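What follows is a set of structures for review.
Okay, so chain A shows up in both of these, paired with chain B first and chain C after.
Now for the complex of A and B:
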């Protein structure tokens, strides 16, 4: 049963299995294990980035395609939901419409970009995605009558997903049974299902062709696979999943803006998460997203504590000052890429 | 005369001013093994590339069973029945031997676009791949990653990939190059087996004369991109033009 769910693609490392199980359980019971708004928000962020990074890995790690437009597709999904809620009213119908419309637009755009540029060299595709993504980001921030410009839009999401909605008066295990909890579990189960679906895809006949193309596109053609078709297909699928992640993200944040969905910073974060976790492994997305989001959220706090603890020493407290957190985040990445060139997952699998 | 399967008419390719293959017209028949010989740089591999589609044709046509494939893509030609093994080993390096073969079987039997079924659950593909592994005596290596294989075993896998494709036209480009004396016979026996199937056409680029003597029904000689001789082995091998092509005019005259 479990083997079927994970498509027979086991973590292949005892340590990795334990870490993945711990992450799964922590996320599944996050509202009960880590009370408070901020931990729950962090957990939801981890979930959403798992989808986003896994869908990017589908393209980069399995298809061997470098794209800089992943945040654009993410943004299209988020704005899709925001706009439909704005214009169609506060209903699940509007959410569904916005999500589907966003996914279709993302798929269409991905298809056009792929058809135009994947035939030629990979670097050309990367450049085209960069150009289109930048253009869309500028368009969204300038088109303020529709998109709210740089300020973004606040979403009126269905009441059932907000803290104001209580479906049980008593607290259970100290947790309020409200719409926020429902919203979190919507995020969590979407992530779980999408991740398992993607894991199935990379282990399907389609996935094995992708691996073949990544390994040796020339030979893949020679045994009869139309490489462009497969590359286009994976780009479209990846874009649709990214748009879906964007829609879920918008519902969770109840806000969309260029900085939370379209910015190039997020694109870099995704790239780092894929690399840290391990390309072409799917599980790497889980590890990468978890490590990265946790570091982003808690490194400052940790440094504050460390700085206070070392206040008697010279220089060190200054270095550990929370204001230097970006420096340390950078150091962490350099170290992780130096020591885990194949990512955390690659490293753990290699060690055995 | 058996049926013509593959035909090239005035097949030509130019790289800048250099004519690498020069108006080669040739018909290949079912049940026939044709050895393509010629000195290095004669255009043998380029001729192969034009037939299997890796290089676009400058002039002339490639016909398979009378259908014009001159402008067809590489995968289209492969699926139409032109199969090719490469001179330099050209595999999926980080996949296992079995995965390499399964991919080939899948390419022409499907399922190609199944996204949600498990690849490992398609047992018919695995079985077909395993049968071929036994034929090339690589069955004990099935779960090895290609990069861990010896050169000889990689060459065997290269041949196995072509057999898995089950094409109408088999094109071998120096299949035994770099193989040890005890490994080569396995591959040569396989080629003999393929040749015995009278519905198949085999093209073989080869330098080793003993191999050609035992396997070839016919020899064509390429020299500076042009077809200079065509006929039964005994006839072609003794001809002046072949000695000239291989040894240079001056020495041949002596």
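Now for the complex of A and C:
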């Protein structure tokens, strides 16, 4: 049963299995294990980034395609839900409509970009997605009457998902049985299901062909697989899952804005999570997203403390300033590509 | 044994279409200018926009020329190129701010010397950075596109953040040297002096590059290397050394472009290079990877289109350039002047 659920793709390392099980259990019981708003928010972030990073890894780690538009698809899903809730009223129908519309738009856009670039040269894709994504980000902040511009939009989500809705009057294990809890479990189970679906996908014949293309596109073509078709397909699938993740994110945050969904910084976060966790393994996405979100939430405070502590020295406080967080991410990113190209998962599997 | 047939070669002139085809990309620039004339109601604003479009195009060309050659020679795509633009701008502006006496003086000579000093400092700085970047970031990942893209993006972020560390997080405003301020009036249109200068500098750089590429031995090796690197190596030339040279020259040009762009915008931020990189990519895709001429034509098209649309429908300026890129790729999937054989 378990083997069937994970499509026969075991972690293949005892340490990795333990870590993954610990992450799964912590996320599943997060509201009960870590009471408080901030830990729950962190847990939901981890879940959403697991989907986002895993879907990105479909493209990068399995398809061998670098895209800089993943946040654009993420943003399309988020804005899809936001706009439909704004204009169709506060209902699950609106949520479903917005999600599906966002996914369709993301798929169509991904298809067009893929057709224009992958047909010629896979690296065109990286450049074109960068251009298109920044154009979309500019458009979103300029059409402020529709999208709220830089301020973004606050969502009125269905009442059943808000803290105001109580489905059980008494606390269980000290946790209020309200809509926030339902919202968290919606996020958690969506993540679990989508993750298992993606795991199934990469262990299917489709996934094997993708891996073959990644290793040697020319040979894969010679064996008889239409490389462009497979690459386009994986791009479209990945974009749709990213849009879905965006929709879930919008429902969780009850807010969408360029900084939380479309910014290039998030794109870098995703890249780093994929690389830290390990490209070309779905489990890498879980590890990468967990490590990264935890570090982001709690390490930045530490940097601030370190910066204050060294304020007497020249230059060092500037380097340790929490605003320079990206600098250290960049350094970490370069170093991990050099010395750690298979990521945590690759290391653990190699060490057995 | 039958007789050999008469040898009667026919000398046929190429028909018009065949004769025009090689020049089509170059003709697209005036075509865009003409389209602009159709849509923009007043002739004088068209002239102003055209000059600023050409100036912008020239600056983009200066930034993009190195990148396209780097790609053509070694199949290296350098996302860190944007960082050189920013660093060039910051170094150049720092120099300009150090010599307020020279920039504020109403003398053409002193002003040009100040700008010249800024340009030299910027090009030296980005050239040296190019050597380091090539050695540390690019060389270990030759031949692996995926890693190249990822690692050069990492380099871009680190350098942008280091600019924040050294120059502070805020944008820096500057004013142009005294004699480069203001505009001259020609046929009722106000043409900013600095834009005219930028067009001039761009043309000089283009002609100089063309001269080096076409009429020197080094240029011959570079062009041959772009077309078929293995063959050049087989003939005994060390293409890696040529490549380092081109990489450094390209980085220095990016620094020059950065200074020019800084004086054009009169404000600099650490992200300016990353933002310009988007237009630079559009230009080298349109032009055809590895082609300096294609890059030049593409840059002018992008500059003109950007300025016309910014005037007509301000919100769609960047979108229009992506549209242009899509059209060109539909027409010629390898770019207007494809040089590099598909690898």
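By our rule, the second predicted complex is superposed on the first by the 312 of 352 C-alpha atoms of A that agree within 3 Å, B and C clash if a C-alpha of one lies under 4 Å from a C-alpha of the other, contacts with A are read in each partner's own complex, and residues count from 1 in each chain.
FYI, a residue touches a chain if its C-beta (ideal position, glycine included) is under 8 Å from a C-beta of that chain, and two chains touch if they have at least 3 such contacts.
Every value quoted in this text rests on a predicted model; they were computed, and no experiment measured them.
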First (chain B), second (chain C), both or neither touched by A:215: first
Partner chain in contact with A:90 - chain B first, chain C second, else both or neither: neither
Chain B versus chain C as contact partner of A:268, first or second or both or neither: second
Which of chain B and chain C A:226 touches, first, second, both or neither: first
Partner chain(s) touched by A:176 [first = chain B, second = chain C, both, neither]: neither
Chain B versus chain C as contact partner of A:205, first or second or both or neither: first
Which of chain B and chain C A:8 touches, first, second, both or neither: first
Chain touching more of chain A, residue-wise (chain B, chain C): C
Chain B and chain C contact sites that coincide on chain A, given as residue numbers: none
Touching residues on chain B, where the partner in the complex is chain A: 52, 54, 73-75, 78-79, 84, 86, 90-95, 99, 102-104, 106-108, 110-120, 122, 161, 165
Complex interface listing, chain A residues touching chain B: 4, 7-8, 197, 200-201, 203-209, 211-212, 215-216, 218-227, 233, 237
Parts of chain A lying in touch with chain C, wherever the complex brings them together: 60, 64, 66, 116-117, 119-124, 126-128, 130-132, 134-135, 138-139, 142-143, 264, 268, 271, 275, 315, 318-319, 323-324, 326-327, 329-331, 333-334, 337-338, 341
Residue ranges of chain C in contact with chain A within the complex: 77, 79, 137, 140-141, 145-147, 149-151, 153-155, 157-158, 160-162, 164-165, 169, 274-275, 277-278, 281-282, 285, 315, 318-319, 321-322, 325-326, 329-330, 333-334, 342
